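Chain IDs A, B, C and D follow the sequence of writing; residue 1 opens each chain.
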């Protein structure tokens, strides 16, 4: 037994979490930090995210997969953009579709996952787990999108440019696309076809010129990656957003210095969505000295919690 | 389309979570309550747990599976017992072993799940995911347990009685067993053999009379169930604790009025650990009118969070 | 770059699975063996299990958690016992309850997990995921168990003895308990109270002497562990069966030489159910040189598949 | 109790699986069919897939997410295409990258998920769970892709056309892209930018004209959907392939008549990857009368198994 090594391993005793009334979210996270398993991992993720957001020379990437905007997570992302905590957003079509629906004043509703879907179909209600969306909302979305598309220049555009134009036509401070357009934060969505925004683009394109280049975004995206002095990524879920952010480091001489993922995906299915951040180190996507952490828990719980704690720490620092 | 039904389904719009510095845990939970998916479920679980704890005529069951005590969750459980929020605890041997280890002043340590376990073996360190435990601690635990066993009466005992005796011999306010013994809260552990406490019992029994009746607890446990005017259960993980608590309702004319589970287990493997609380309704374990909720997320994150919010609400009510 | 090490790591190319009509299960597994992820892991598990079953001096432990018997897995286990492939079975009360129900000629039925459980309750049907069980079956089970209990000797018994007696009273070659009793294979169930068998024991004990010692099994179980020249374990799910089998090695100077687990549980919740077999090496439960493998997939799929392949290999060897 | 309804629910007894040496995969699946949980679901999926493949007027969609080609699943997909069992393939860039790597005679290797990734990085080995890939392979892939891109016509292309051109330049019967090109089966990959094929397109585009229209595929894809008399989908994992296939039914007057998904994703995270096929019914993506089934298990195990059984049944039918 190598007692020295062993001693190192036994230097940090678990401290049981103490819970009292009226404690703040940051106080709760500080209690988590003495604990292990998910609680300990989340506390470490908060530390990393705080350091990453406070780091002035770090370019902040944000990967937003899943269907977080219909579940009520759009204000958080919009506010992070507004406050300069997101420099580059990569997301899915679904997230942008539902952000736009809400920005048009159309609501999603709390429903149930234990419901007769054929009955819902008859009532013209679309379900996203326990969220209901009246199918009629899409008619209004379609009109809006056709209007935006009609106003686009006929020259060749990138997907990012299309999303910026949508954002410019929205008037809702809680909107991710509106806030991103306002703040000049680029929003990338490599699979935009794979959404109602894409279906509407197809319909528009059937009768009108509509030139969107699939690879046009990559030049400016890669420039951002090259120019980053330091790079950090917060990844909500996996999918295209995670892979697109991480793969950029395959063709730059850099790697991520900070990386956090909030996910329920598992590594052993082998897909990139569930891959560990250690695996990303073998590819050079995440750096050898990077601070990284994966929190295996529902991101609708952990993202607000993490942001609440980090905002408190940044606020304390700034005052 | 049945517009009336449909209208009912569309009465509760999703409200995006708004996160600000210094917000309290309960304020965070109130933001969750406008959201869907895990966030919405957790907010609902907090509402149910608040109502359940405030209900004077409800007997409160607590199921504690997994390995929550080495991860830092014992203070929370001990404090819930102390404050009268747990009337009956059902748990695993592992949770009681590690509660006792800590109560003897021996620590668990924060480690890593990404480690060479054969090297750990050489360093005499036992690993529980990312928790390290020096193997030597078990020597002290064994001495303590042999002492307790030596002081037990030779008549026939129940498992609950053995655990009460262990609790009486501990001097640590953070200990679940000590607090339960002090407060007269029974701790049931149907598979006590399946733990180091059980292994030590076997060793003791090799040379001494040791009479523990496997079924002796059931009379008093069933009396509690029968006498409960109303019944509520908070289930952390599945396993024996969940099943033992729920099965009691198979032989009483009642069912649980409140049921909450915090788990990562999935229903489709068919085991009781991941079974939905709806499934429990088919058996009559959970009542037709019960308030119930499952939160699919790491319990080391959700249990402290839920308790922090509920404590705030109960505190406000009491002042 | 250490080219030598690297070469070692790159010695075994992935071979794409080739699927043809009429292939045997073992041929399928041989195709898996060229693949990675779950397929590769399952092929390796089959290799290990074949070697383990063919090893004459290896004591074979079988851990059966979850609710595998109502799902149709009892014949497989009974046949493994009959053929000498299981020396020691550790299981849950639920598995033995539903084995007994079937052995009494009472059926479980294929149902649906997407059903109104309150309606099921009204129809007196109990649900286990997508299995239905008429509640009335329990009346017959109860009569049977009361009869068995009435015939038990009044002296102190172990849980294993109670289960052997139940098995002796059954007449169904597909029954695990009947086959185990016939073959002299011990069945351990540390948490027997946690089942309908336990609830009936409580009812019987209310009016009759019924002496079952909670720790009586441990002497004979530990003797088996001590006497094992070599030890192997196949673990279906986690729970008490997994822990009880593995913990035996904490108090013997040995460790498991073969260990396979088929599970959907995840390591990061920290409970023993999802713990890796590497973690078990830190405790000395699984040996440094052991062959071990975890397959993360539904055990109702992987257990029959693995047994079909292993039976083919053993059959070929014997002919 | 409505005895009639109840009787209906209790008409199909569970039959325990009987496992014998040398049984064929289809025989194994027939044993599964008497079982519940994952085994029963898989047997039902085989029935549905057999019916779907035998249906002459059904257009067969295949969604391939994750990283199935490096794990050894490409031959299966290529053979399904060759035999007319896939009419439309929607997949990820990663699957096509690794298909192409293999088609160039470059191998992936069986490795370990329990490895030091920083050491792998030093050895220039990229890891995909337990698959190793020498980083140098990408140099050869890049040369190949630059050659293909150099030969592309300068007019506007669709992503499908780019993938067809890659396929035409490959000479490997196990290749998905080569076989699809040969058979005239379209391969769609909405997020092609999100892959090494995309990164190379960016590099090429920096110095050469390269016109790929992001939405050009949608016209022909929608035509296929419109013209389908009947439609069936086999979905391996979720992600863009699943959503892109299902969303087509939002703008056609049809819905899928057959739908099978093999996945480990969970519904409660709310993303489309884990969404149930029932949820898809509320949107009209899957029809009211459709035959559908989700199998929750590792697709590297279930896909080969399902294809082996279905091939046997189709073979029997044809002889």
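Just so we're on the same page, contacts are C-beta pairs under 8 Å (C-beta built on N, C-alpha and C of every residue); 3 or more make two chains touch, one makes a residue touch a chain.
Quick caveat, the model's predicted, so the values are computed rather than measured.
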**OP:** Mind listing the chains that sit against chain C and also against chain D?
**Re:** A, B
Original post:
If you fit chain A onto chain B using the CA atoms, what's the rotation angle, as a multiple of 5 degrees?
Top reply: 180
Original post:
So which chain is farthest from chain A, going by the mean of the CA atoms in each chain?
Top reply: C
Original post:
Rounded to the nearest whole Å, what is the centre-to-centre distance of chain A and chain B, using the mean of the C-alpha atoms as each centre?
Top reply: 33
Subject >> Inter-centroid spacing, chain C versus chain A (mean Cα positions, whole Å) >> reply: 42
Original post:
So how far apart, in whole Å, are chain A and chain D when each is placed at the average of its C-alpha atoms?
Top reply: 26
**OP:** Pull out every residue in chain C that's touching 2 or more other chains.
**Re:** 36-38, 41, 70-71, 120, 125, 128-131, 264, 266, 268-270, 278, 296, 298-300
**OP:** Show which residues of chain C lie in contact with chain D when the two form their complex.
**Re:** 1-2, 5-6, 9-26, 28, 31-32, 34-42, 70-76, 79, 102, 107-111, 114, 120, 122-125, 128-132, 134, 174, 264, 278, 295-302, 304-305, 307-308, 311-312, 314-316
Subject >> Complex contact set, residues of chain A against chain D >> reply: 65-68, 70-71, 94, 113, 117-118, 120-121, 125-131, 159, 190-196, 198-199, 201-203, 205-206, 210-215, 217-219, 222, 237, 239-240, 243-244, 247, 250-251, 264-273, 275, 278-284, 288, 298-300
Subject >> chain A - residues contacting chain C, complex >> reply: 36-38, 41, 266, 268-270, 296
